[in-house]
Amino acid sequence: MALLEVKNLTISFGGLRAVDDFNIEIKKGQLYGLIGPNGAGKTTVFNLLTGVYKPDEGIIRLEDRDITGLKTIDINKAGIARTFQNIRLFKELTVLDNVKVGLHNHYPYSTIEGILRLPKYHKVEKEMNERAMELLKVFELDGEADYLASNLPYGKQRKLEIARALATKPKLLLLDEPAAGMNPNETGELMDTIRFVRDKFDMTILLIEHDMKLVSGICEELTVLNFGRILTQGKTGTVLNDPQVITAYLGE
Amino acid sequence: MKKMNITKTTKNNLITYLMVLLAYLAVQMLLLTGNISSLMKGLLVPLCIYVMLAISLNLTVGILGELSLGHAGFMCVGAFSGAFFSKCMDGLMPDSLRFLAALLIGAAVAGIFGILIGIPVLRLKGDYLAIVTLAFGEIIKNLVNVLYIGKDKNGFHFSMKDSISLHLDAEGQVIVNGAQGITGTPHDASFTIGIILIFISLFIILNLINSRDGRAIMSIRDNRIAAESIGINITKYKLMAFSISASIAGVAGVLYAHNLSTLTALPKNFGYNMSIMILVFVVLGGIGNIRGSIISAIILTLLPELLRGLSDYRMLIYAIVLIAMMLLNWSPKAIEWKEGLKRHSKKEKEVK
Amino acid sequence: MSFISYLINGISLGSVYAIIALGYTMVYGIAKMLNFAHGDVIMVGGFAVFTIVSTLGLPPVLGILVAVVVCTALGMLIERVAYKPLRNASSPLAVLITAIGVSYLLQNVALLIFGANTKSFTSVVTISPLKLADGQLIISGETIVTIIAGIIIMVCLTLFVNKSKAGQAMLAVSEDKGAAQLMGINVNGTIALTFAIGSALAAVAGVLLCSAYPSLTPYTGAMPGIKAFVAAVFGGIGSIPGAMIGGILLGIIEILGKAYISSQMADAIVFAVLIVVLLVKPTGILGKNIQEKV
């Protein structure tokens, strides 16, 4: 059974079909890549999947549940979390608190319990701290837990964004250009992290990436977008050797 | 030895509480020894009111990150609902209980106004939100000025025209008299009560900030889109911050009403000028810095009064402070310059 | 007949709002900031005329000229000293709070120089009132001048923005500052010019406002300033025709509200209109929708 099933997804902005008849099926535990030249509509697909935009047509199903047209927060609750191309951290919060906001919906206590510092507050906060530190350890950020997020170096900010997304206990993780702005060393390290996340959290991951080394290194299947339409999809090796794909990237 | 498990924020909060406590004790000492002028005595309750207004506005501006220019409107709502209750109940229940009830009513009514206004307003952003909150503040002030409420044995009578239109019988009493407002509110406010209310406000705000809800509120401030993407209910937490902020302003209003014999809604006390003055306190104390708000509210209220002759220049000083603070703290060039200085002093230390 | 008279008064007041709103909307369009001090520039214009005409006894035309020069210089000075350093500040609140500070600064400097007493302003208009319908409908000279001035300003400004090179540069800067810079447009100069024009308009509005409502205090500009901003938002902030429509509609609403509902509630009605408009169409009547890019 597919974890994510998208059929005939379409959206237009002022007459321009930004995404046209997009279909995808991602199996549980898969590492799936979404590639294509700039402006092909990759991030728009992410925005459609996470409810930032409402599709004009099409169906999105997560574990057979129709989540088309739901609000962003409900889609997150249904099990999709994401990172952003231009990093969006809570800059004035500490690294630890960034992850704790991600844990928000899974560790509840009431406002009154929080303000009056009732026992439940202390208990839940302790659990949250432990869980958040565990997540930070995975990304080797535990040493910087008390830093403000904005003081982290770029590569670690990207990792923190992934940690925060994982804190919401998603079934599907969407990564929007996780390797953007990283040097080859950092990219290599990131590939290990992504694989590790998949194995340790039993996660299904869909990622947008331009770095072909990363894509060919970790993605099992690919979908190539060009001008909002699917150019081709299938096993990574086959897709990357497709002459159509090479043309789309390099031009005629 | 048992490990001391006090985090940095807890320590910070303790310092804030301690500071208020020390200020209270110092003033009590001065009062006991009689070393305090009548002018200063008269300023004690207003000081408490300003402090409460400043810390509550900081919740909206600094923690939620939305600029509200209608804070005085919530104070106005609290003042009138609290004073109205006290006028109606005066003599019918014990004074202390009545005042407590008035405070709670002021908080509740202002909080409800906060929610009612917040639902439409908080959808807007930045400048729009600022101007609409200003508009709401002015509307509240205007409405109160044409509101007439009287009471006789047939119950309450309302009018938006004049006191005669209330059609009260001979024993009837006008409670809210339009532009003349409410007269004869019992004088229940005192410095001690003011300080207690500051403590309660601080307790609520500081504990809220350092809780799950507070983090959610701050995450919206820092990045709304990211907060949404991880399942934070934006509307709920915006409303929560906004209404708690309004509630505390309402309590400050009740205190204000019970410190004066006549309560009227003037541009001076409930207009946008007042809202902006509170904003000045918040900005000077540091946006998001609760302790800073307390200190700046005290300094900016006392300074012009203490330096006699300067009171004419009060608003001028505020204006210059506001501009200077913004230019120094936010202009990219000033930030660069300050960081350069820091680096420079660090280097010097290393050389030594 | 009284309705027509109210309507004409409303259009007259609305013309003043429109002239002020043009300044707000141009500055907002280009600098993306709410120039809270704009209303107080009106007051400065009023005092400039007052000083020249009433104190020094010089001719009104000179007074108007001085007012325009003073306000233009003031507008550019404010932009240079207070707003420009904050143009790239990380918090959008910074420049708004600074503008509030400038507003207070202007009010309180005026308070120190001229005192809090209300000055009676001698109208600069010498045209006699127009009597229509056997004297049942009287239109004051101020009203006529205001409406005509409003029309002239709107036509000139529209022509300037759409036909002149500087006006086109303004449109380009308001569309995309970075791209405009790359196309060789002097962005700083264009922003300064916008402030200059906006402030010159504020001076004219000040003269018209004080002539129609002949009293002048340091706070004279604050309320009309805020209402004109409401007008600008009403029409769709950033849009020049929007400011004109918004201003005139707001003037009419205010005068009719005063006449038929309650004079005390007129301000509340104006603000209620703003709230309703923003809730129904957050970008105003002619405003463009801008969605945040994710």
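Every chain is named by a letter (A, B and C) in the order it is written, and numbering of its residues begins at 1.
Operating definition for what follows: a contact is a pair of C-beta atoms (placed from the backbone, for glycine too) under 8 Å apart; a residue touches a chain by one contact, two chains touch by 3 or more.
Computed from a prediction, not measured in an experiment: that's the story for all the values here.
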Farthest-lying chain, centroid of Cα atoms versus that of chain C: A
Pair joined by more contacting C-beta pairs (B-C or A-B): B-C
Inter-centroid spacing, chain C versus chain A (mean Cα positions, whole Å): 48
Chain centre separation (chain B, chain C; CA means) in Å: 32
Whole-Å separation of chain centres (CA-atom averages), chain A against chain B: 41
Residues of chain B touching at least two other chains: 225
For chain C, residues contacting two or more additional chains: 294
Interface hub residues of chain A, defined as touching at least two other chains: 52, 84
Of chain B, residues touching chain C in the complex: 61, 67, 120-121, 123-124, 126-128, 130-132, 134-136, 138-139, 142-143, 145-146, 160, 179, 225, 272, 276, 279, 283, 287, 312-313, 315-316, 318-323, 326-327, 329-334
In the complex, chain B residues that touch chain A: 8, 203-204, 207-208, 211-216, 218-219, 221-223, 225-234, 240, 288
Residue ranges of chain A in contact with chain B within the complex: 50, 52, 72-73, 76-77, 81-82, 84, 88-93, 97-98, 100-102, 104-105, 107-109, 111, 114-117, 121, 124-125, 128, 146, 164-165, 167-168
Chain C residues touching chain B - in the complex, by the definition given at the top: 28, 33-34, 82, 85-86, 88-98, 100-105, 107-109, 111-112, 226, 229-230, 233, 262, 264-265, 267-268, 271-272, 274-275, 278-279, 282, 292, 294
